[in-house]
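There are two complexes below, and they share chain A, which is joined by chain B in the first and by chain C in the second.
Right after this comes the complex of A and B.
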């Protein structure tokens, strides 16, 4: 059962949607290709810089992080940083070399669940990316799991 | 007919399986499965309609819920709007007697799942809090169990006189059908499923290899 001192309803009311970080990222072909290769990608659109539709691998934006995961003043939940609960990527438009992305970080969700190891709280940080034209290109939801 | 009574799709936060991919897998692998029930975590997916998909693959696809209680996780079959309004499906500490009573009152069927599991299984809580008289049926075979958990479920279900069914608890496509439930009747709707569960005319089965082949009253002495 969730710790009585941990009021997730209040945390959600106070913190969901609050923007706590804005960072910019310059897209370069080299890292894009290296990422696609590391993912085992074979589609030349993501590997061949000379391809007419060359673009970043769909999950490339997962590497674009500012280093800040939580807003200042966010309540302490559990012990330590927790464990990585995985990332979900929503692709909205191609990302190409030369693009300058702006990533805006918010807390998208905080929820709890129970499992063999007890109660866990999931904190979902959302990075919403736009390009230099202001067009949305990608949304990355990053879950962190904390035991309570 | 045989239904997998416990599956999760991408509608669950930890589900990685698309419903159509479950259908494709069942047909490609020629599983002895006539359908499955989607039991998404801490919610009821009222919006999705899988009728056309079911028709396309000739499979029964039904929707239910897996909620969390102070006695572990519970499957709810026959969820309706009135039941959804009765308590917060998203909470992890719903009182089990309240969930069972609400389900009964609104024509649904509630049964604890993976009851032999640590922390989130019914029988772990029985050890510290005592039994719950309203429980009558549990999931004795669960495809996500680690060694010892299903054995505990079977043994404890026998001890308490509970009926037992099976489900895979699949979160990825390739796990569907690991455990399932054989019904005496042909079922096509959630109401028919609830009726069949109430009747007790079913048995837990294992479709994909391990030491279990079938758990039935005749073979194993488990109440059905």
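Right after this comes the complex of A and C.
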């Protein structure tokens, strides 16, 4: 086992699953419709406010963040802020206008990969959202890549 | 489109999403992501980018809209995208999908997703799990 791997093992043991931010977000119909239109959506469930099943586009919660991406005291890995490696969205229930979502941030995974351009560390920040009734509606994983 | 109509290997109709500046601005405003690198070519080039970039999350939205057009009324349960390359606004992007798995018990299908830029480079790859009534 390399020192690097050992460090990641330590980071995982200390930080995975630790909740470091809780924020609330009020869902509004206007941005929901504008978002769906801009993405080329044609399904009235996402465009027509009078539709009986009107709801936000499935990945609407991906921009619901407080701006905190790492817990205080999280070790510095690599250089700079990192590269956006992608997003995973699990849709558990529709998000409706007027919903007040609570997003809880955790570190879900830290792992490394080595390729032609060297070793990269992936940090996965997870935001788990519930609505005002406490029902889970969405889980969003943000993948940040840092070179080491 | 019903679950029974889907065959393993089916291709979704190829689409070319609108990445004109007004559409990008509309999405940025809705998303609260008003960053110059998405709407200003000069500002983006000053950051070393080839031009203003299509926001990664918006590109995920293109894929969702494509799936909804292919199977109206379906529910996307999960979408996972990896941002592999830079996609420049005001260019022609090509988005596609193919069914790679089906689950008769859950009545779900898995789709591989791709977005390719005008230069032929792959900008986004991903998968989605889609449920049918």
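General observations
In the analysis below, the second predicted complex is superposed on the first by the 142 of 148 C-alpha atoms of A that agree within 3 Å, B and C clash if a C-alpha of one lies under 4 Å from a C-alpha of the other, contacts with A are read in each partner's own complex, and residues count from 1 in each chain.
Going forward, a contact is a pair of C-beta atoms (placed from the backbone, for glycine too) under 8 Å apart; a residue touches a chain by one contact, two chains touch by 3 or more.
The structure presented is a predicted model; accordingly, all values stated were derived computationally and were not measured.
Of the two partner chains, neither chain B nor chain C is touched by A:148. In the superposed model, A:118 lies in contact with chain B only, and not with chain C. In the superposed model, more residues of chain A are touched by C than by the other of chain B and chain C. When the two structures are aligned on the shared chain, A:58 is found in touch with chain C, with no touch to chain B. In the superposed model, A:40 makes contact with chain C only, not with chain B. Listed in rising order, the residues of chain C touching chain A in the complex are 15, 17-18, 23-24, 26-27, 29-33, 56-58, 60-62, 64-66, 68-69, 72-73, 75-83, 126.
Residue ranges on chain A touching chain B, taken from their complex, read 1-2, 111-119, 122. Touching chain A in their complex are the following residues of chain B: 13, 41-42, 68, 70, 72-73, 90, 92-93, 117-120.
In the complex of the two chains, the chain A residues touching chain C come out as 30-32, 34-43, 46, 57-59, 62-63, 84-91, 143.
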